[in-house]
Amino acid sequence: MRVGLFGFGRTGKSVATVLLQSKESHLCWVIRKSETLQHRSVPEFLGIESDEPGLIFPKDELPPPRLFDEHPIDVLIDFSSAEAILSYGGEAAKRGISIVSAISEYPGTTIDFIKKLSQQTKVLWSPNITIGINFLMLAAKVLKSIAPYTDIEIIEEHFKAKKEVSGTSRIMARVLSLPEESIKTIRAGGIVGRHEILIGFPFQTIRLTHESISREAFGNGALFAAQHLMDRPIGLYSLEDLLIPYFNLKQHI
Amino acid sequence: MRVGLFGFGRTGKSVATVLLQSKESHLCWVIRKSETLQHRSVPEFLGIESDEPGLIFPKDELPPPRLFDEHPIDVLIDFSSAEAILSYGGEAAKRGISIVSAISEYPGTTIDFIKKLSQQTKVLWSPNITIGINFLMLAAKVLKSIAPYTDIEIIEEHFKAKKEVSGTSRIMARVLSLPEESIKTIRAGGIVGRHEILIGFPFQTIRLTHESISREAFGNGALFAAQHLMDRPIGLYSLEDLLIPYFNLKQHI
Amino acid sequence: MRVGLFGFGRTGKSVATVLLQSKESHLCWVIRKSETLQHRSVPEFLGIESDEPGLIFPKDELPPPRLFDEHPIDVLIDFSSAEAILSYGGEAAKRGISIVSAISEYPGTTIDFIKKLSQQTKVLWSPNITIGINFLMLAAKVLKSIAPYTDIEIIEEHFKAKKEVSGTSRIMARVLSLPEESIKTIRAGGIVGRHEILIGFPFQTIRLTHESISREAFGNGALFAAQHLMDRPIGLYSLEDLLIPYFNLKQHI
Amino acid sequence: MRVGLFGFGRTGKSVATVLLQSKESHLCWVIRKSETLQHRSVPEFLGIESDEPGLIFPKDELPPPRLFDEHPIDVLIDFSSAEAILSYGGEAAKRGISIVSAISEYPGTTIDFIKKLSQQTKVLWSPNITIGINFLMLAAKVLKSIAPYTDIEIIEEHFKAKKEVSGTSRIMARVLSLPEESIKTIRAGGIVGRHEILIGFPFQTIRLTHESISREAFGNGALFAAQHLMDRPIGLYSLEDLLIPYFNLKQHI
């Protein structure tokens, strides 16, 4: 699976590390925002031994048609910005390149554009592209359907400097039909990220907890998404869509 | 739904409390081991106002044929001992009374007997009949199938006086194909019961935790089982079997 | 140590249970609000075997002078209401009976009255009279003095029906000089009570957590207070005051 | 405060980062094991802007007398190996340089040597030099003295590859007079490090938990130690010794 990566900020670098170290993917290139180029390859930049090219291109050096023609890929992973897909989307879709986007938010018109792309190629969009968080939301949804009389609370903890309520917890609230005020926000020290969905029964309590250790988790999620898209037909997906088949347990386990 | 309850020890009493307070069930009678009868009804004994009969019979006062004929029920809930089902099973099955057993362990021959009963009536057997614990096991099973490369550990905490490893944690280990040694056992003070399934990813950690508040949780589980058996065909079930349909999520949630 | 107990509601009963089962205390009597008397002794009422008298008197049957003269005690434990101390305080102080009050709040004038009593006898007042909660507050206070640059958050969890923010968490906030808004309140199912003081460092996180199992914890706290008052001079104390000497660690441990 | 650092492995680099970014310390130099020198200064190596020299010397380039004469320091922080102190100890002590060692274990003869050094200069040795862990141990020690009848359990969690029981948890067990077998060891995924001291009362549970976010925590601990040694007389200290004065709370807080 040949992969191209848009975005080489803090998260992008962590994702690149995972892609380089995985046997399932082959990191062909990375598009970065900054013009200054001290290194021309990701393995060199990150100090990882690898025989994958991992070429680094500044954003505007290679316009998409040339980029895809000269450096062909199967999957494009996007951790850059909400605008990027407008520039590469059409050319990628035309060539049947799968698109995996982890962008937090898109304006309405871009979402329409993405829906159109998904008629031509496979597109997955997931703002929090970790297996753990998406599993947690589905599991909580199942439990709520089993025991609709329970009380559900969401507690999210992050480092002090994080100003707003976490986007992930807001998606959790939406998926579980809870008002956004029901999210309890803890800000302290250097906590990387912790989300807890607490489900209170009259005589028992269940806690579904996700603790982030580092940003590399996004890389594993993106890789999982890219691999699972391979067996899927053209269309628009979320990471949850790819997890749902695993929930279809058979009787008499 | 008319219910009869075998067992009126500490757990049986908690189960009776839940049954009395539920609008879905009608507690007809309870069979207790002890001969001494200071009270003749459960509401009186527990100090709960209720117009349900809740008669208390000592174990050998009414042999099953008379018991079922004079005090007919739809579901029999068993929190007594491994022998009880041998005495009431045949008569209950003959009358199509559903059986919900929460007995921890049965000898092999009794299990064969139960299988035979389940050809005549609906039988559910679940050693830990709480919604929470059974949900947790299924959720962990799903997660293991999504991410088989993760490390799973089970931590169980109980009051100091509890000698052996908890039966629930041993079932968890079996369901998740973990060696029994992988269970970490904490014994301290008066902890009612806490089970944690920890799933370690390289860059994220998931904890699925169940905390028991009181034994009434078993009552809610038994009630859930009794109600869900109503729509099911004759056969042998576990509580997990009744939860599995809730896991069948649909795409594009 | 001969003990008298004011208050025989849900908490009072739990406290009485602990007092009856302790070898260090001798429960002489209990004053209850309700007039109706189905039982005349605590052991009989609670079904506990004991040779301690544990007489139950309705509130107005025996006015304090007669009560203390006919049924003398060393310590009076008060889990009743904010008014009670006004009726028994003067007579108890006159006789040098120690007073241990677990009343949540007193009006200002009553606090003045209590200060006056404490010039005549030993008085301890602690709204949350558990060893655990008071230890937690002192430990957090120590840690804040070690690392004043950390971020502190208080999370309290209780059963759904509990309306207001827990009084304990408000005291915690005051002791740690945190604004009351910094308390995060979780209400779900039947959680008995859980308080967490989270201290966030840049590169590490400390959580000091207290989980209530049952109201009997108040009995142990009251007993601890009564015993530790014995070696103390006349004066006004909080439970924290009695714990502070244990914090005075010696060098080279 | 002029600081020299022995050790520039993974932990040493994190410590250097903290020292460079702190206003209280001035990082003069670092001694590293490896001979190959691609960079000659720590700020350059770590990509941190700083006007502190942070010179990097290979282990044997400058023998201690010349090192201390040409590049004078007030405090030497040691994150290297158990042998290092034998080479620099005598010269440092002679010059009154304070020594802060975070080495896990020393052979008996080296400990004797360290004791001798501590008659000439201030020496602090702490195998786990984080404020959090040492606070936790002292707090648990206090609580055990308050409630000696409680059950204490230690749970430690680390990444899968960590083979042996954590040294920190073994020190905890020793400090709390618990048998080493009472430590429960969890190994899963990429957990950086988590230690929990669980104290079980009959009716309440206390959990004192420490979660490591990153190795920089050791830097903060070493800095804390170096600063607090300044007001202390010559002698041998542990980090706990420096924390103890903070535990000396005054009555009527």
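For reference, chains read A, B, C and D in written order, and residue numbers begin at 1 within each chain.
Just so it is clear, contacts are C-beta pairs under 8 Å (C-beta built on N, C-alpha and C of every residue); 3 or more make two chains touch, one makes a residue touch a chain.
These numbers were taken from a predicted model, which means no experiment stands behind them.
Engineer: Go through the assembly and pull out the chains touching subunit B as well as subunit C.
Structural biologist: Neighbours common to subunit B and subunit C are A, D.
Engineer: B-D or A-D: which has the larger count of contacting C-beta pairs?
Structural biologist: By the number of C-beta pairs in contact, the winner is B-D.
Engineer: Can you work out the whole-Å distance between the CA centroids of subunit B and subunit D?
Structural biologist: A distance of 51 Å separates the two centres.
Engineer: Express in whole angstrom the distance between the two chain centres, defined as the mean CA positions of subunit C and subunit D.
Structural biologist: Measuring from centre to centre gives 40 Å for this pair.
Engineer: Taking each chain's centre as the mean of its CA atoms, how far is subunit A from subunit D in angstrom?
Structural biologist: Computed value for the inter-centroid distance: 38 Å.
Engineer: For subunit C, jot down the residues that touch at least 2 other chains.
Structural biologist: Where subunit C meets two or more other chains at a single residue, that happens at 189-191, 201-205, 213-214.
Engineer: Can you list the residues on subunit C that touch subunit B in the complex?
Structural biologist: Subunit C reaches subunit B through residues 189-192, 213-214.
Engineer: With touch defined as at the start, can you tell me which subunit A residues reach subunit C in the complex?
Structural biologist: 150-153, 155, 157, 159-160, 184-191, 198-205
Engineer: Hey, which residues of subunit C end up touching subunit D in the complex?
Structural biologist: 130-132, 135-136, 138-139, 141-143, 145-147, 175, 201-217, 219-220, 240-241, 243-244, 246-253
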